[in-house]
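After this come two complexes, each holding chain A, first together with chain B and then together with chain C.
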Partner chain A sequence: MSATSDTTLAPRTDSLGSVPRAWRKRGLVIGGTILLIIILMALLAPWLSPHSPYDQDLNKRLIAPWFLGGADPAHLLGTDHLGRDYFARMLYGARVALMVGLGTVALSSPIGITLGLLGGYYGRRVDLVVMYLVMVRLSLPVVLVALAVVGLIGSELTIIMAVLASLLWDRFVVVTRSLVMQLREREFVLAARAAGSSDLAILLREILPNLAAPLTVVATLEMANAILLEAALSFLGLGVKPPEASWGLMIAEAKDMVFFEPWLINIPGFALFALVIGINLFGDGLRDALSIRRGA
Partner chain B sequence: MPQLLDVSGLTIEVRVRGQVFPVVRNVDLSVAAGESLCIVGESGCGKSMTALGIMRLLPRGASRTVLRLGFDGVDIAHLSQGAMEELRGQRMSMIFQDPNTAFNPSYTIGDQLQEVWLRHKGGGRDAARARAVELLERVGIASAARRLGQYPHQLSGGQRQRAMIAMALMCSPQLLIADEPTTALDVTVQAQVLRLLRELQSELGLALLLITHDIGVVAAMADRVAVLYAGEVVETGPVRHVLDSPCHPYTKGLLDCLPRPGAAARRLVTIPGTVPVPTDSRSGCGFAGRCALMVDDCQVGAVALEAIDGERVVRCRRWRLMSELPLSTCMESAPARSSKEMGQPILFTDGVTRDFRLSGGLFSAPHFLRAVRGVSLRMRAGETVAIVGESGCGKTTLARILLGLLDQSTGDVRLDGRPIAALARRAVARFVQPVFQDPYASLAPHRRVVDTVARPLDALAVGTRSARRRTALDTLARVGLPSHLAGRLPAELSGGQCQRVAIARALVLKPPILVCDEPTSSLDVSVQAQILNLLSDLKDEFGLCVLLITHNLAVVEHLADRVVVMYLGRIVEEGPVDEVLRRPRHPYTRLLLSSVLRPDIRGGGLAVVDRDESFPDPLNPPPGCAFHPRCPKASAVCRSQDPATRTVSPVSFACHHPDHVAPADRTAEREEKRNVRAL
Partner chain C sequence: MRRGALALLVLLTVSLLSFALLKLSGDLAIALAGEQAGAEYVAFLRKQYGLDDPLIVQYLRWLGRLLSGDLGVSFYFGTPVTAVLAEKFPITMSLGVSALLFAVVLSIPLGIVAALKPDSWIDRAVLGVALLGQAIPTFWLCFLMILLFGINLGWLPISGSTTWAHYVMPAVALGYYATPAFTRITRAGMIEALGSDYVRTARAKGLRRPVVILKHALRNALVPVVSVAAVQFGFMLGGSVVIETIFAMHGVGYLAWQAISQNDYPVVQAIVLIVASIYVVLTLAADLLNAAIDPRIRIR
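And now, the complex of A and B:
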């Protein structure tokens, strides 16, 4: 690096202007809006729908939703094959999806980030151990292992989250480790060491803050991943148990009717799609907003 | 003289977040065949953009307007892209700053050289290959045919830059644009490369447009100089006029703030303030805010170029008053180097060696790189010691050992009499603190300046939080950082300001020793002067002991009391600065000194250095004296026996054939030789 590069055209002044710049990012706004709507739906579920998601009414089975000319204005999205209100089940399903997404990442990110920090910072033997663990993890097929464990232990929501978390930390490790390996040679880290900071303080206070932006992206990707995996597990019958409402489970329950009442599958399918896209857009936008512009 | 390149009214604007800012304003340049024009200026003045604008290679987001872009009698401003591509590489070519990134690492040198030829001349690979071999030999790369099959990483930095020159010359261009071609190189290699460029230029009748920030390079290379400031040419003229009697206050400021060999003044002249960024709005003269000749008029209206005589042009309304430029602000003379009594050694090393293990393959033994070999060093309180040497000589490794960031493999390091290994990290921190080269990299980008300075106090948990903050603010004031900047992030500060913050962080624990690793080499000259002045003030104020690592011998002479010359991990010469730099004992010191470009030696000063492949492989150092393959005085003894370190007061050196050693000592030397022969 040298001072003599003449192309430092970007002014070094308004890096604090990250908030207005962020709002110019359309992705952040769109993703954020989708997420906000789904979160509000999940939080306000009991007030948004007069129906319980579990009450069956066999007299009112398979009512079409309003946009398909559904007959009953009380059931906005119609009812399923047991006569349960589909809108209520969608709302409660959103709770499950969000809980699985957040819960899994909340559990898996500390595992992955810790391993990545240790491996990247200490290198050598520690790194060998960390990379060995990553390789073991990568050799396990996620869906099969999750199915097996859930099948053996049980399928409460907490267990599903724990199992997914114990399988989805590898990307955190890889990203953290490679960034730490670059950062640990940077001069501000050397300066902190020379100032007598302990290794723990260096890892937490010098290195970790610089990882915020890339790790945000990983976290959102993994969140989306966990939501999709939960849906897959529920679809396969080893996830959330009936009569609970989960979008994957709703798709599974409707699979016999895919040719006759395709909306039963399309609605939760679209919701999953919207949530995952929303999370990814939001994550990308957040990364741009978080990254501090550096001089030179 | 007909001009080969004739640019007038070149303006380049850059779009930043929807707004347009001029980075190059209305620049006129001309270069004749066989002439070399140096564009000189600090970073951010638009030098590189000017070059890219001439090549029509501006980055996305930059737009250019030009009255005339004449090349060999044709206006190329509106040529089609296709026609431009025919010109580039064939009739005009460019050399970039960093030889490490200017080659594509996935292709061999030969492929990349031949591609230029095949692109423009077509024809067979054989012709291209023959031309490539011819040019590599011409630029002094030995066994050129073999080198063609090698990849860029297999060449040394100097070889790569010479290969870059060969690539630029493949099609015998008429115009060569070199953008800081030697900034990333060691002084010895710089001398080689510049000498080569000058030879090639006169041999081939090239027009050379050389962009540099280094007045020494200008003095060595230029026929004419154009001084660029804030996107404008402020002065143009023949090199002797511009360097000897500058007509623009900025040119004078640039020249004055260089530390010069032999100058008695201990304070350097500085140019107050910094280069305005293109996003600042301004009217009038861009230099007005920093100029000692400034009057109110200067800030109104555009300043026109004014011809002084047939050759010289200046953009200053008050150039006639240059002689009135007050000298008192320039030459604030400080007490000469004090020969103060030095105390006990507070830093002491004995036979320090450091090996790095380079992993071999699965079945081969690991290699060891011995970066530091048996270094014994003493520093007394209040003393400033400079370590000089080419890159790879172990300076930085040694500094990191002294900072406690690396352990030595063998040997003894003592701080104030206590072995460093026995001290806790915190105890070492209170004793020795670093200042690094790159001011941006050395500050955590996410942390506000005042918190960065308070970090060492936080780490040691000194006092309350608010007290630590107060201390940090005091220290920032002490290093001359305006208090309103304390809450900023590093990215919002200039390079010089960041370096002040880094110095404040090093001083906040009040350590007796400061280790400065190239503290000014990534700064502009005017800022370098400010930082050097700051360091010498702080030295006096705190009685600091400074270990200065640098390749810039002018800085050494300016700041240091003693100098240590290292070669391949070993100290080859050590002594008081005046003694070592005036009368070098070791041929390596002499080589370093002769490679230094001096602003006051015009067109000369480029020593003939080095045969090509004599730079030794640090993994496999030569037997005997490590310097013998490059040494003009090497004899049989040098090839077989590593010279012991001898002391002839006040200098110690490790050489079999030292210069400037009294005859009495010569006898000793001869006897030694006889003993060797007897053995």
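And now, the complex of A and C:
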């Protein structure tokens, strides 16, 4: 199998470098700002909103948000169909989104990077096994399998993260593997080998540090991916369970009111969109910042 | 034919995983007998269906039935899974094909335009559109379209799958997610092709620029697009779950969601298996096709 014929592997790596150079510095700043705002919202949730995201008040149902002329200054983003404060639910939803993003990548990156290092460094049979694993993973439809497994074993947040992590490691493998293949014959690696370093030492001390920049981009992309998938699972009723607040679940709870109160869907929808854009811009910008400093 | 052997091995692994999914979903005998059935009846069913045999025997028997086209019986519908699927598959296939068409028709011109002037404002705008495709949550896009075209303008029906108009919004939503991949691969291929010797020769021969771009450069740039199409079509079949649920299209995606909610795992298992198999076969076909088109690619 030559590298160019590899349909299963080639297309997904080309999304690296999605933003033109001129935008990237701006991207880092804009993306970073969006991310920082959402992180602060998540961390400071109890202090930013006087309301609990769970307290229902049936006398105060479906109050419009301020930008649609909502009458209640106590509820800036209005209230949902059970009279729960929408701003508070958005804040706690941000926690779920960020936790799923970070947790999934923290679990999936070690799997993918290890497989990529092994396949790229040892080549031959080892690489064939790694490629086979990646092909099996790519053939499995992510949304479908995640839904099926979560439907079977439960939908606690830790389970959702574990299931997503078990499905989102392939891009780490593909990127790590191809970079290691380029690096393994370079002088500094040969020098380390000549000096008697073990394979493990070469992989961890010589090769891995050089992968920091590209792997950062993969990590951000996969984080965004995990966040969208959790939202989709929760939207389909098989992810985060009520009364918890997840942006996907909030959209699901409001979908019967799409004709009358579309803002109930548009607020969490836009938040998801902003978070994913922010992560993508930040990741691309960060890669550039890292590779400039490394002089690569 | 290592590529073919690998594909076969992947298929076999996928079948093993589907079987595991079915086994993990609980005791089939209890599911078949019903909750209130007596222990004796359950034991009888277990013996009848060979559920006491070693797992490997059960797997081989299941695989044998699978190869003869028997995917088991749906708990919920009480009919063979193949019959249930045969009814739903055309809808999802039509949806997938229209989504693929939409993505290709939108992305190839965008990719060409971007490649003609790399790093110009047009190029940046095109990549911006691609970035949006990646970031906008599919289900939010669906609702935005429903609000605009379904309700405010009243142009398109918002649920069902009876006429072609019902497929427009779902196909756009499903296809839009794939546009970044298509746009980037077209753009990259075109930039490479436009800088190549044969394009310079064609220009030097005095051929007009549009002819060179569309006839000489594009033909070569489209080779990798075939591969992306195969990959994306597989993703679309899997991704149709969300879309079909929102637009109430009773295809395979909707069926999968229903089956998971109803614990009807014979159906779930069959859908996972079929979608995965389609993906494996399509990517293999794309590789072979590319090798046939482009002699530089050699498959071992």
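Convention: the second predicted complex is superposed on the first by the 267 of 296 C-alpha atoms of A that agree within 3 Å, B and C clash if a C-alpha of one lies under 4 Å from a C-alpha of the other, contacts with A are read in each partner's own complex, and residues count from 1 in each chain.
Just so we're on the same page, contacts are C-beta pairs under 8 Å (C-beta built on N, C-alpha and C of every residue); 3 or more make two chains touch, one makes a residue touch a chain.
Since the structure is predicted, the reported quantities are computational estimates derived from the model, not experimental observations.
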{"item": "Touched partner set for A:Lys255, first chain B, second chain C, both or neither", "value": "second"}
{"item": "Partner contacting more residues of chain A (chain B vs chain C)", "value": "C"}
{"item": "First (chain B), second (chain C), both or neither touched by A:Gly154", "value": "neither"}
{"item": "First (chain B), second (chain C), both or neither touched by A:Ile277", "value": "second"}
{"item": "First, second, both or neither for A:Pro110, with chain B first and chain C second", "value": "neither"}
{"item": "Which of chain B and chain C A:Pro50 touches, first, second, both or neither", "value": "neither"}
{"item": "Partner chain in contact with A:Ile265 - chain B first, chain C second, else both or neither", "value": "second"}
{"item": "Contacts of A:Ser139 with chain B and chain C, given as first, second, both or neither", "value": "second"}
{"item": "Chain A positions touched by chain B in one structure and by chain C in the second", "value": "1-2, 4-8, 10-12, 15"}
{"item": "Chain C contact footprint on chain A (complex, rising order)", "value": "1-2, 4-8, 10-12, 14-15, 18-23, 128, 131-132, 135-136, 138-145, 147-149, 151-153, 224, 228, 231-232, 235-238, 248, 251, 255, 258-259, 262, 265-266, 269-270, 272-273, 276-277, 280"}
{"item": "Residues of chain A defined as touching chain B within the complex", "value": "1-13, 15-16, 186-188, 190-198, 201, 205-206, 209-210, 212, 292-296"}
{"item": "Interface residues, chain B side, partner chain A - complex", "value": "14, 16, 21, 23, 43-49, 59, 97-98, 180, 183-184, 212-213, 277-279, 400, 403-405, 424-426, 428-430, 432-434, 436-438, 440-447, 455-456, 459-460, 489-495, 498, 502, 505-506, 509, 521-524"}
{"item": "Interfacial residue positions of chain C with respect to chain A in the complex", "value": "2-3, 6-7, 9-10, 13-14, 17, 21, 24-25, 119, 123-124, 127, 130-132, 134-140, 143-144, 146-147, 151, 180-181, 184-185, 188, 224, 227-228, 230-232, 234-235, 237-239, 241-242, 245-246, 256-257, 260-261, 263, 265, 268, 271-272, 275-277, 279-280, 283, 286-287, 290-291, 296-300"}
